[in-house]
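Listed below are the structures to be examined.
Here subunit A shows up in two complexes: once beside subunit B, once beside subunit C.
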Partner chain A sequence: MLTLRRGEQLRARLHALCRRCLSAKTQAKTLANTADDVEYSAEPEYPEIRDLSFKARKQQLAVDWHNEIRAVPTVEEKMIKLNMPRYYGYKVVDLTDNLVPYNALPLTQHYTRTVLEQQPATVEEDAKLDALVKATREDVIEALEYAHDLYKHQLSLLDTQPDAVQRERQLTLIILEQVNRAVLQALSADFAHLQDVEIDYNPRHEAFWAVGGVDPPKNVVKSKQGNEWQKDQAHDSVDRLVQYTGEPYLALRHRHQLPNWRTAEESNNLTLAKQLPRYKFDARTLGYCTKYQHAVNVPGYWPSANAPNFGLLSFQSRAHLQLRPKTYGEEDQLEALHALAIQSSYAWLLAQANYNGFNTYNELTYPLNTQTVITNGREWSFYAYQLNTLLVHGAHVDENPVVNFCRGTAPLPLYGEISEAGKCVDFNEATLRQLLAQYSNVPSIQRSPAELLPYVRDATLRRAADYENGEQREFLERTFKHLASKRPRHLELPEIYMWEKLYKIDNPTRSMEPRRRFFELNINPWRRTLDQHDKEYVPRVVRPGGKKNREGRYKKTYYP
Partner chain B sequence: MRLTNKLYAQHIGWHFKKHWQVQGRRVPKDTGAAADLLKMGVQVKTSEDVLNPKREPKLVEIVGAVDKPIVEDETHPNWHLTAGHLFGDSNVLLGGLPQAQVLTNTIEINGFPRQIDEAIVSTQFPKTIDRTVQNLIISSQLLDAQQVKLPKIKLIDRPAYNLPRVYGISHERRNRLLINKLLFEIEKLAGRSVTVRRKLIDNVTFQTSLIKDNDLLLFKITGDKLISSARPLDTIKGKFNGDLPDLYPMKCTVSMPKQHIYTENTFYPIRREITCSHPHTIFTYFDKTVVGNMHGSEVSKTQFYGRTLLKAFAVAASRAKQLGDVPSNGVLQKPIVVQCIQTDGQEFHFGVLQLNTLDLSSDSATKNYWFHRPSVDLFTECSYQTGRPNIGGYNSEAFRILNAFYNNS
Partner chain C sequence: MSTRWYPVYQRGNPQLRVFLPNFWMKLVRPTEDQPANVVTFAVSTQMTKHDVKNYLEKIYKLPVVDVRTRIALGDTKRDQVHGYITKNDDVKLAYVTMPKNEAFTFPDIFANKAEKQEQDEKSMDESKQGFRKFLDRNKKRPGTPGWYSI
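For the complex of A and B:
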């Protein structure tokens, strides 16, 4: 009896609801009729037809994500956003400044989209440069002799000598610090920009980017071939993520940018882009390694409002080249130097671009330039690099018409040798001239902040430190540094034990056991996103809103 | 499951095995044959001796990938019977500055030499200099991107509590960047005429040994930065008198670790033939995780000051010995003046040592001079506060003194 009455009540309510709904619809129709000029046009305007194929949908998803990154307001948040998809980090190809395997140049050019040009070993005749060479020559020779003598004397104290690579690193650092000081002092009277440079000593240079056009790994091919509808895409190229880590001896930075030596028209050249070498194999075939880590972009310092943001000159080490077998040959040695210069210049500029709101998915709006010197104290090679584009991922590797440029010299000796008496023999003025030409290259391009950082919010909000909310600033600062510190996660990645692989995965012999392990619940731990973690508990004593407040039990997170 | 084997009680094989074991344990009866044979002079051997004769294991010389470390005992080539008292990079003197004074035969003068005092007061700086120095402090202490594991932090109240490990800029790098940047700024102000006469070198070693009242003192220190100059620093004008402090009941070598392995060579990092080899200023960093008392207690202020003096002394003494014209009474013809700056990145202690004599015995008439002032803080705090770099309590005094020291000649 009771249930019947309840049913009737419900039916009555439903009727009432339907009646209300119908009346609302008819009213809306009468309203729309009055303004139908707006809704209808003579020519039908159809929405854009979307390609609904699997591949196109995937590409669209990627583009949407890239646009999301672009819309993120501050520089630090953009870098956190880049890391959002992975709690345990990306699988990256590990490029470092202390390993250049055999035949690394094609891979380097492909990964950095760089056209390599030979620079003449002699700089154009210039009276001013001649005077500078004359003025600094004695100082540089003295610095060289001083550094050699000092190091030789230091070694005499040691019982066991350090190995050759270590020796070269130590000696080159001493030479560079002496030469750099001598040149800066000699030149700063004539060149005001050298008064304003900031010198980084052994700075940390890191950059992260994505590269397309590489053959897919075997497991991806296999998995796609197993799917009837994916078979034809099985051999499509798959993006590789690259992380460069380097530590030059010295790096000089300035507030302004170096002038470009390639115009926008020269850089925008599809035929040139098509001629670039393409290294389709996995980078591991050359001897590079892969590792898991977060995407880190660091040009040597943390983002700051008034730091000199643009690179002027960096000095790279070539000590590890001693470890390469002699059988690699002279030509490969030269190519290794070029590869090293391209990688380090690209990575430093990319990290600088990141501090201006660009990244590997958001294209540069103006070119960036830098100069690089690779040296062991005696042999010096000089490079200039112009970064025009950052898009190397996905289909851009085929379609992007813009290329980057690098021009460099072969290694030039600064002196013949240091004699037994500690005197510098056969000093080469041409090399000094090249070095001075790089120092005296005046960074002259100034851009307005709006032009420099087009993808960040506005003048009031460029970096995380600009936020009004103190808690948010603190959270972003801590998260950003945590990602960049590469510290291991609190809990390691869950492991599949060997017996589980045997008896649970390969041969499911334990069907009666409850399924509790992650691989039995279809959880891929690598897919854990950055924000999937327990929130930080706020003890009652310090809880805002009083001890009884249940809302503020956990600290807020501000992931972009 | 049981780890032991199941007992197959009915297994015939098992029974045979047991039978063999029982039979194998039988003790042979002594028949008296051996004794008789011995009486007749025949040697008796057990079957064990014949079947398994004893062999001495042969020692094999294994050539490893690395050289074996030399054993630090009497066989060490540098072993001496008399122990020396070492002052190194990681120990401080228990008695602090008074002990350092007695050890080095030095009288303390509170205040700098006159020309430095004048330079500190009279030097004019551009108006923007304070802003610039603050910026460079921030850029070296906060904005550098190095992230390494820093030493563990322990709470004194709760020593067993494990705090999260902090990552950041290492102490050494912090100081290196700060000093480099400060010097770069000072050199810009000083102009070329001064800077060409100076050279900067990192990580230099000084080594020397001296005898004081029958005790051998060994100095083996590193300077984190050395400014060398083309001309030695002028001798400080004026006559200074004072007495050495009384350490009784302590002996002056207390808390200096004894070493039997040492060399009595002197090492100065630059050869004397080189033009720019005179010591001008030595910088040392103070890292409390590395430098400490023997018994683990905190380094006190006076111990901190004493370390500055000893570092300066080691530099001056090794230079004096390198120059080699030390008369038998130890009094130098031309005193050696060295400036020393010790810093932990925040606190700066400046001092000037004039080495008049290498004779350290307590009855020596000539004394060395140590000019110093209490340490000054460059800033009181420099850290990120709610996500923004912040520097508080900046004191320009340290920069002014540093500038005066650099320009002193």
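For the complex of A and C:
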């Protein structure tokens, strides 16, 4: 038997080991070779060449952020995500339902991308509608007389009379409540959808969106002109953020959507989009104001799984139009009504879209419809609105071929006057017909959840309430409601005193003083982000993991 | 303009009758772009929106739809020698809206400024040229008066 010496034994072992190792390597190599073959193709496929210019990189950053918002799972978190960049809120153009300045229609059409059409004052002949008018006529007249009588009595109890605007608001609300009740009572037997409507009294309608195509302010132009490489972009248009705040008298909501009256082909029309008016000046040149606030979208209720999510009809006030000077003229009065209808309809639909996971940066995937009535009790104007697109920001204002549509009537009188004896004179059936036509418009479109909420995660996770983690649920709920509450932030914005502006900023006269204030340290408090705050302290007694645990000293945050 | 200050009305005082109020309006070029039917004026701080409207309507017969006013803070300036700060008076700016079919463009007061400057420079050059010629001619006889040669 062959016996090897100790050294030879070792050498043989090493040899065997190397052989084994080599064979394993060659095997791996052959496998890798096949993979390499797949990687190579006859035609070279290069990745897309990205534009690395400053402007393109900025645009790409914006697109990335919009995609991040889209990827956020729940409705509430999307709205928090929209607010993440600003602790003290965005600077927004303040659109409200109680201010329509002179010549506001072009701005409104630009900001909402809306084509305005005139609707004939008469509704098509319909035997069913005629019968309904006949049936409800007496009830409505009675409701009108009762409302006037009631308000007269209420006024007689007051020591000081309210002003004209307040009087109109109070009277119109009573009239609308009575007319709405009478109409619902009369129609709900024939129209089953009226039995399921949710009625909001004085609801809160708010919406936030971004608008492109506005001229840059002077400071932006000057700062860009100071940079050699930015000089030619100094006059590029910028985005403006818009916040609408409104409070209609009444709003009716339903589970299903109203049918569309414009097809997708009609809405997708670049030539029509190009013809839309463009208001490129600052909105303040018209008389609108700006303010700082968080982006808030509220369609009159909080997000909930089973709420009737789609608007059927809303009744807007026109009481503030009394405050407009007579010099504005009749024509502008009519345009103001159109502008008011467009703004309120767009904002309500946008807020509804927000609860379905869309927002100003994430495009709508199906159209939304609503109907709007502007009234002072006597004069009624009827509008129908179709929301097809939400993209108005950045370059979309030039490139987006989709437009929204609004059609409406001039104000029609429902009655001539209420006589001394409290009787309704000159009742106008044509106006009642229009009103009944809007009530009898059946919301018939039903969509599957996947189609309805394409940007929201899935059936298990749609709203913040669906999270398993109780702490996270509570955090999201609290943050979302706090943003919507418009309360001032816990940490107030630092103030620049007048003497500091004069002697430190405009004229630096105190060069020997230590620089401690934020404006001397080059800190912009407006740039503070939503999550830049101290975390909440957890007392030792309730700290998870025992009193000595230093890990859980602060509560976790769940910002998206 | 009156030499008296426009007195602020106090309750109980006699009804004010001012025949030459201390009111003035100055058309100014807007610092930011604005619609063609809006005109900017710098006005005396005492004037109200109604005063501005009446001033333009009654005296100049202008169609005024709306007036919005604000008070702009005066500029501050540092003294170059002593270093103290001075401040200009605040001024009220009135943004007057005319009907939307009206348009106003701020007059270009110095439209032919460049042209005039060119003319001036040309005549200056010519006289300089003439003087240089005169000096050349009298190089060899310094101190000769201008009228000496033909």
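In this section, the second predicted complex is superposed on the first by the 512 of 560 C-alpha atoms of A that agree within 3 Å, B and C clash if a C-alpha of one lies under 4 Å from a C-alpha of the other, contacts with A are read in each partner's own complex, and residues count from 1 in each chain.
As a convention for this text, a residue touches a chain if its C-beta (ideal position, glycine included) is under 8 Å from a C-beta of that chain, and two chains touch if they have at least 3 such contacts.
Being a predicted model, the structure only gives us computed values, none of them experimental.
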Comparing subunit B and subunit C in the superposed model, the one touching more of subunit A is B
Exercise for the section: Answer with first, second, both or neither: which of subunit B and subunit C does A:215 touch in the superposed model? Expected result: second
Exercise. Between subunit B (first) and subunit C (second), which does A:311 come into contact with in this model arrangement: first, second, both, or neither?
Worked result: neither
Which partner chains sit in contact with A:509 here, subunit B, subunit C, both or neither? Use first/second/both/neither.
second
* Name the contact category of A:198: first (subunit B only), second (subunit C only), both, or neither. => first
_Per the contact definition in the header, classify A:325: touching subunit B only (first), subunit C only (second), both, or neither._
second
- Message: Looking at A:408, would you say it contacts subunit B, subunit C, both, or neither? Reply first, second, both or neither.
- Response: neither
Dual-contact residues of subunit A (subunit B, subunit C) none
Per the touch rule, the subunit A residues reaching subunit B in their complex are 139, 146, 149-150, 153-154, 157, 160, 174, 177-178, 181, 185-186, 188-189, 195, 198-201, 203-204, 298-302, 304, 306-307, 464-465, 467, 470-477, 481, 484-487
Touching subunit A in the complex, subunit B uses residues 67, 135, 138-139, 142-147, 149, 165, 167, 176-177, 180-181, 184, 187-188, 192, 195-196, 199-202, 204-205, 207, 267, 269-271, 274, 276, 384, 386-389
Subunit C contacts subunit A in the complex at 31-35, 37-38, 64-66, 68, 76-78, 83, 85, 87, 95, 97, 99-100
Listed in rising order, the residues of subunit A that touch subunit C in the complex are 101-103, 215, 217-218, 280-282, 285-287, 325, 327-329, 332, 502-503, 506-507, 509
